[in-house]
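Multiple structures follow.
Each of the two complexes below includes subunit A, the first together with subunit B, the second together with subunit C.
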Partner chain A sequence: MWKKMKRVKEFKSWKANETKQGDSLQGLIEKLKQSKDFVTYHHSGPTNCFLYYIKTINEQGFLHQSVLPILKNNALHTLDQIKDKIPVENITITSDLEEIRRKIMQGNIMIQIKVTDDEVLLIPAATVETRKVTTPEVEFSVVGPKEAFVESLDTNLNLIRKRLPLPELTVRELVVGKVSKTRVAIVYIDGIANMENVNTVLQRIGDIEYDQIIDSSFITQMISDNSNSPFPQLLDTERPDRISGVLTEGKIAILVDGSPSGLTGPTTIVEFFSASDDYYLTWHLASALRLLRLFAVIFSVLTTPLYVAILTYHHEMIPEDLMSTIITSRADIPFPPILEVIILELTIELLREAGARLPTKVGQTIGIVGGIVIGTAAVEAGLTSNVLLIIVALAALASFTTPVYQIGNTIRLIRFPFLIGAQWYGLIGISMCMAFFIGHLTKLQSLGRPFFAPLYPFRIRDLKDAFVRLPFNKQSKRPMQTRPVDSTRFNPKRANEKRDIDE
Partner chain B sequence: MNSNVLRILLLSCFVFLLTACVPSTSVEDVDTILIAGYDYIDDEQIRGTISIPQFGRLETGGSMKEKYLSSTANTVKEVHAKLQTKSSKPLTVGKLALSLYNEELAQNGLGEVLDNLGRDPQVGRDIILGVVEGSTEGFIKGKYSETETAAKYLTGLIRGNMEKNFPTTNLHQFLYAYHAKGMDGYLPLLAQEENYVRLTGIALFQDGKMVHSIPFSKSFIFKILKEKFQQGTQEVEFKNRHIVMENIGSSVKYHVKGKGSDSKVRIDIEITGIINEVSSLDVLQSPKMVELMEKRFEKFFQKQCEIMVQDFQEYNIDPLGLGNTYNSQVRGFDINKWKEIYPSLPIEINVGVEIVETGIVS
Partner chain C sequence: MSKITRENEAGSLSIPENLLVTSSSAFFLINSMQVGVGILGFERYIARDAGYDGWISILIAGGILHILLWMIFQILEDSKGDLVSIHRDVFGKYAGHFLSIIFSLYLLLLSVTVLRTFIEVIQVWIFPRLNVWIFTFIFLSIIYYFVAGGFRVVVAICLISTVLGLPILLLKYFPIQLANVENLFPVVDHSLSDILKSVKTATLSFLGIELLLIYYPFLKYPQSSRKWAHFGVFFTVLIYLGSALVSFVYYNEDQLQHMIWATITLWKIVEFPFIERFEYVGIAMWVYIIIPNICLALWAATRVLKRIFKCRQKKFLWVYFFITFLATGLLGDRQSIDLLNKYTGIVGFYVLLYIPVLFILTKLVNKVRNRK
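Entry: the complex of A and B
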């Protein structure tokens, strides 16, 4: 109780301090002066004025070329005169303290005629350090565009806008985070995207109460419909082509300043297994690859639990020819199958985690050392069986096939409940786990739209681009999932017209 | 704490607490019975013999080793309990492939043994049952192959023949026939000869007791009467020569008519075949000849089938399941009445043979 009171008191005094120092321009300047990179400069000459700016976020060249020469060459006595002379747009004259504080923190140059003046001139001159646009590293694709988002929101918006040059592409911006004041852009195509979805996103992001938003994954977790689910309910991607692709389907993209990945929603579980490659290959190949990926995921989740269940409870399921192989390789193992599996799964998870944390060059070595040396040694030392080593390695390999990184982590995790189920009740345990997860998935929503669609609710129209991808001329309708305002992509009649005498 | 979390915690608590009762053993820590054989000792006792594969520690296993255990007791369950006392690891029947009975036991009734098999969920429904001439103990212990277990050898033998002339048989079918109204089961009859096993014929049962058998040479006839099949071969004498026909598709249909004592059964058999072997080449393969051959085959099959069916009627057994068909098609089936009329039931057999090919010699 006492502690709580103390905390409230501290907070109050901090708040009071803020208003005391911040309630005047003078106070603000005094506060900023404590930082070394805040520059106060008295410009004397034809124009007598004071310049204030934070040099680390200011473009120095701009100051030297466009501001100082004008002040030096002209005798200007009012802020309006300066405003007229300086060749930049968006110059504001204001005495609103809140605006001054915000703009100066964003890299504006503040000009004051007299120290005691309340009115100041603000010239935008911010410079933001960013990385160059590079090739995607997480969602690499062999064919197709090779641009990936960077940490700057404006660059990212540029990458989207250049792909969708139409006035309906709307960018709404919100500022989230009490301390970080992060710019969050909500992008959608007006006239395609359902306003209900847009409003859901705007409202949810607007309601976020948190001090800092460092990455878009913060937003995913904060606005997801069920934050206790291991399944990500917004798809994150670093590919601008993917984002512009889903925008035209009527989905909504969320971009966060400082984050190299965008979020899209409403999404479905099958979208996590579709790669952008799927659209760059012919539809048969794309469909085959998608089915392969789906198989890989099911394989990855279920093989080790099946191994445990069959070896512990259902011996009759082992084919007779495999019997001797399994028994001879298990004969020397001192552990029951479940422990054997957990040991090996943990080893693989350790390798993955170590590989992800270490610098690239060391990471590769660790992969080789871990995979070959530990694997072989474990078998030779009689800790695990050969058969299991193959199964675990294949399962790990299969879990890497997911095109979206986030769902890969989920698959990594949900294997363990299945393992426990397999040890408890054998195949019944696995089925129970499966029933639980499917039940959970059917209940899950993404921005209020069903996450397990097009399977539940069953939507034939959306199945055309789910487990298989039908050719483009069959996809004349946008997915029902997003409830688009305009659901027609193109006129199927014209697209399917036979052009026999094309020359 | 909110009630949902509490509920989940409680549930997982139960899951933890209530699971101790599921016994589990890893696959290498059990002895898997591959073959089980039962011999008749006297009216009270039966002797059970099992074969358990022994897997080597090295992956390059070498020859297959097997362990054999035998025990004598009053009931099948007791036999199993006694066998367990002779084994270091728990015995499981999950991989049971063959269950064998000697002729004497079969003649005294397999009811008890079958009940035991039928109730066990671990036992697959597609395991093979068989009747052995002589003792099953010696039969199981006979070393037949260097590279495979006796179980594999025997199931291979029976399954291989099931693809050809021998009728399909497994636990499921036998149990169905055993429990069905108006149907009797049959099992393969096996005999051990020196270091191999021979399929000698078909053992025919009545209410779980073996009452009759037919030799292997007649199994083709039995099979065309019993089921749809392909790939069997049958030899027929034709103009003092032997010709062999390969069946590439045959179908059989039972038609039942009438009620009570004026019931009638018609069996229609259609066979499509190719001529596989003619003992001398001078039999010209002209279309006319083929027609004659077809006629000859039809006559032969008709005759053989009639003899076989009459044989069944004499013994009052119904391995074809005519009563079962009757039950499913005619209202008011009475099994006792059927048993009365079955021996004198008029059964008409029509066989149609079509020879589509005579080989590439011509």
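Entry: the complex of A and C
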């Protein structure tokens, strides 16, 4: 709290300083001159004027080709004359200091006739360094489009617009962050998306008061309905095809300048387990894979707690034949099951964290070294049992099947409360822990819509694309979750018209 | 339709639209409240009087329950309120509130009974040296988390508990393989009075429909909820009937009298290649059946108080939690728990008896008012 106040104070003093120094154009120029990349240039010749720009965010070629030749070849005496001659749009003449400051920081070229003038001409000539559109790395898919978002908002919007070429695709833009002045775009399809959802998003983003928005994950944490929940309440994706897919379902996408991932909402817990691949495969395969993923998640969360619960309290549950296997593998282990599990789980978490932080090539090596060497050594040293090693490795593997990275992290974390529950009250403890999480999920909301749908509230229409994905001709309606204005995708009667034999 | 309801008195009845629940919720609400800890060991009690004809008494009790449910809906539709407003209209302010408070206390007693009995099951079957105080505290904290979330969360828990409970029913397949169907024959070899005695016992297993009197205003479409509520009772009767029949064909009559928890004992014979002694899993899954029971009872109990006194429901919830905590912790031995169950049964029986009385009274009051 105190820290926050201090930060606010610092920020205020900084802001006051800014206005004091920059309350005149001269002051602003003086301040900018302290930076090496700010260029002041007195242009003499037929046109006598001063040019100012920050060369690191300016497109130099544009200056050389479109601005300087005109100044050199014509005798221009007023800003209006210059404006008429320079062949670009959006040139402004202004004396508004706030606007000048903003535009110059965005990469405009400022032209002044006399040093004492208050009125200046601003020519947009910004250049933004971005990387090229590449293949998705977090949400990889075997089939389907292979474009991923980059750090430029305009490129990202381009990737969406080219998939949805319709005038109803609306892009609202807000500027968030006192210092970072980040552009945040809210994208939706007018006529499908529910305006209530749009307004919720606009209002929540508009209310954000923070100094910097570096990534879209800042927005997720700030506008989510319950920020104390480990579950992400907005889905983040780096795939433009996924975003355009959910936009047509009536959801809303949020894109942040400088972030290579977009957010979509209102979302549900089951959406986190669906991959974009699911729509590119036939529905039988897609459904089977979805069920597999669901099973994997349950397996990943519950197996180690079950191991602890059964071996600590309920040995009777293990059948005789299986018991002998477990006894042989655990005979030399000096630790109780819980300690054994925690050691191994921590090892896996360490490997994961190290693998994520290290450069790709070293990371792979670490994975192999850690997985094989440490695992085998731990078993041979008698610290953990073979059976547990298999279980923990499988559980870790299973947690990677989630198509969305954020929920994978959540699953990683919630395993530990279950372990504590298992150690404390055995199977009952696991049940109680599970009940708690189910209750938590039913309480959660995503943009004011229930997060645990379509399970609760129970919606049969939405179940068609939840745990299984039914064929496209069965999905004649958009999901109820988003409360779309226009809920019909197509006319099911026409689509399902039966043809008789040999027609 | 009379205009008995007077709103804006002590806790308004107008419930915001976004808190209302769908009609099908009635099914889960009724069903999850009726199926509780009792189903784990009710076979012994109904077989005590009627022997293997106990299943007939379950059917009769089920029929009675349907009639009672119909009466409850009649009462509620006539008055368009809940129990508190009905009591106020029929008995006047003070007597009416007094009766409502007694109902609230009954629900508290019910939750104590359910919790204590369940903990006893855990003590007997899994952890003989369980620290009841700590366990109760943790269990109640989870329940507090749910109840504080409001009625919608409670309904969600009811729904999920019903769904999670379904796979447990499939376990009946194992005892059926070893069944002696001849046990059931000859059908109806007990006297009518024996069967009626057992009907009374069976009715007690079905306690829980009376909570409709409290949450009725939360149903979005009361008319269409009706059939769902009846489905709920029907489903409960089916579950009980199935459980009883399976126990009857599996155990012989003397053996059954010594089985305190016949259903749990049945789980013991379930065997898979990777797991056996299924009663541990069964009892662990029963947590999901118990939680909505207590949640709903405590929610309704405190809701009644909220409607009577102008005070926050959370405060009453704290008080009731404290009472439940103390009562559960202090009740120690098998005798007192058995006694608790017995008394709750008696009180519950009178509550069920009270429903027709209330039905007649509201009809009379309505008639008098309409004549004026």
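Here is the rule we use: the second predicted complex is superposed on the first by the 481 of 503 C-alpha atoms of A that agree within 3 Å, B and C clash if a C-alpha of one lies under 4 Å from a C-alpha of the other, contacts with A are read in each partner's own complex, and residues count from 1 in each chain.
In this section, a contact is a pair of C-beta atoms (placed from the backbone, for glycine too) under 8 Å apart; a residue touches a chain by one contact, two chains touch by 3 or more.
This is a predicted model, so every value here is computed, not measured.
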item: Clash or fit (per the criteria above) of subunit B with subunit C on subunit A; value: clash
item: Which of subunit B and subunit C A:329 touches, first, second, both or neither; value: first
item: First, second, both or neither for A:106, with subunit B first and subunit C second; value: neither
item: Partner chain(s) touched by A:337 [first = subunit B, second = subunit C, both, neither]; value: first
item: Touched partner set for A:311, first subunit B, second subunit C, both or neither; value: first
item: Touching partner for A:217 - first (subunit B), second (subunit C), both, neither; value: neither
item: Partner chain(s) touched by A:427 [first = subunit B, second = subunit C, both, neither]; value: second
item: Partner chain(s) touched by A:436 [first = subunit B, second = subunit C, both, neither]; value: second
item: First (subunit B), second (subunit C), both or neither touched by A:456; value: second
item: On subunit A, the residue positions that both subunit B and subunit C contact, one per complex; value: 313-314, 316, 318, 425-426
item: Subunit B - residues contacting subunit A, complex; value: 15, 19, 22, 24-28, 30, 32, 53, 55-59, 61, 92, 94-95, 97, 122, 124, 151-152
item: Subunit C residues touching subunit A - in the complex, by the definition given at the top; value: 22, 24, 122, 126-127, 135, 138-139, 142, 145-146, 149, 152-153, 155-157, 159-160, 271-278, 280-281, 283-285, 287-288, 291
item: Residue ranges of subunit A touching subunit B (in the complex, touch as defined); value: 310-316, 318, 320, 323-333, 336-337, 386, 423-426
item: Of all residues in subunit A, those that touch subunit C in their complex; value: 313-314, 316-319, 322, 425-428, 430-432, 435-436, 438-440, 442-443, 452, 455-458
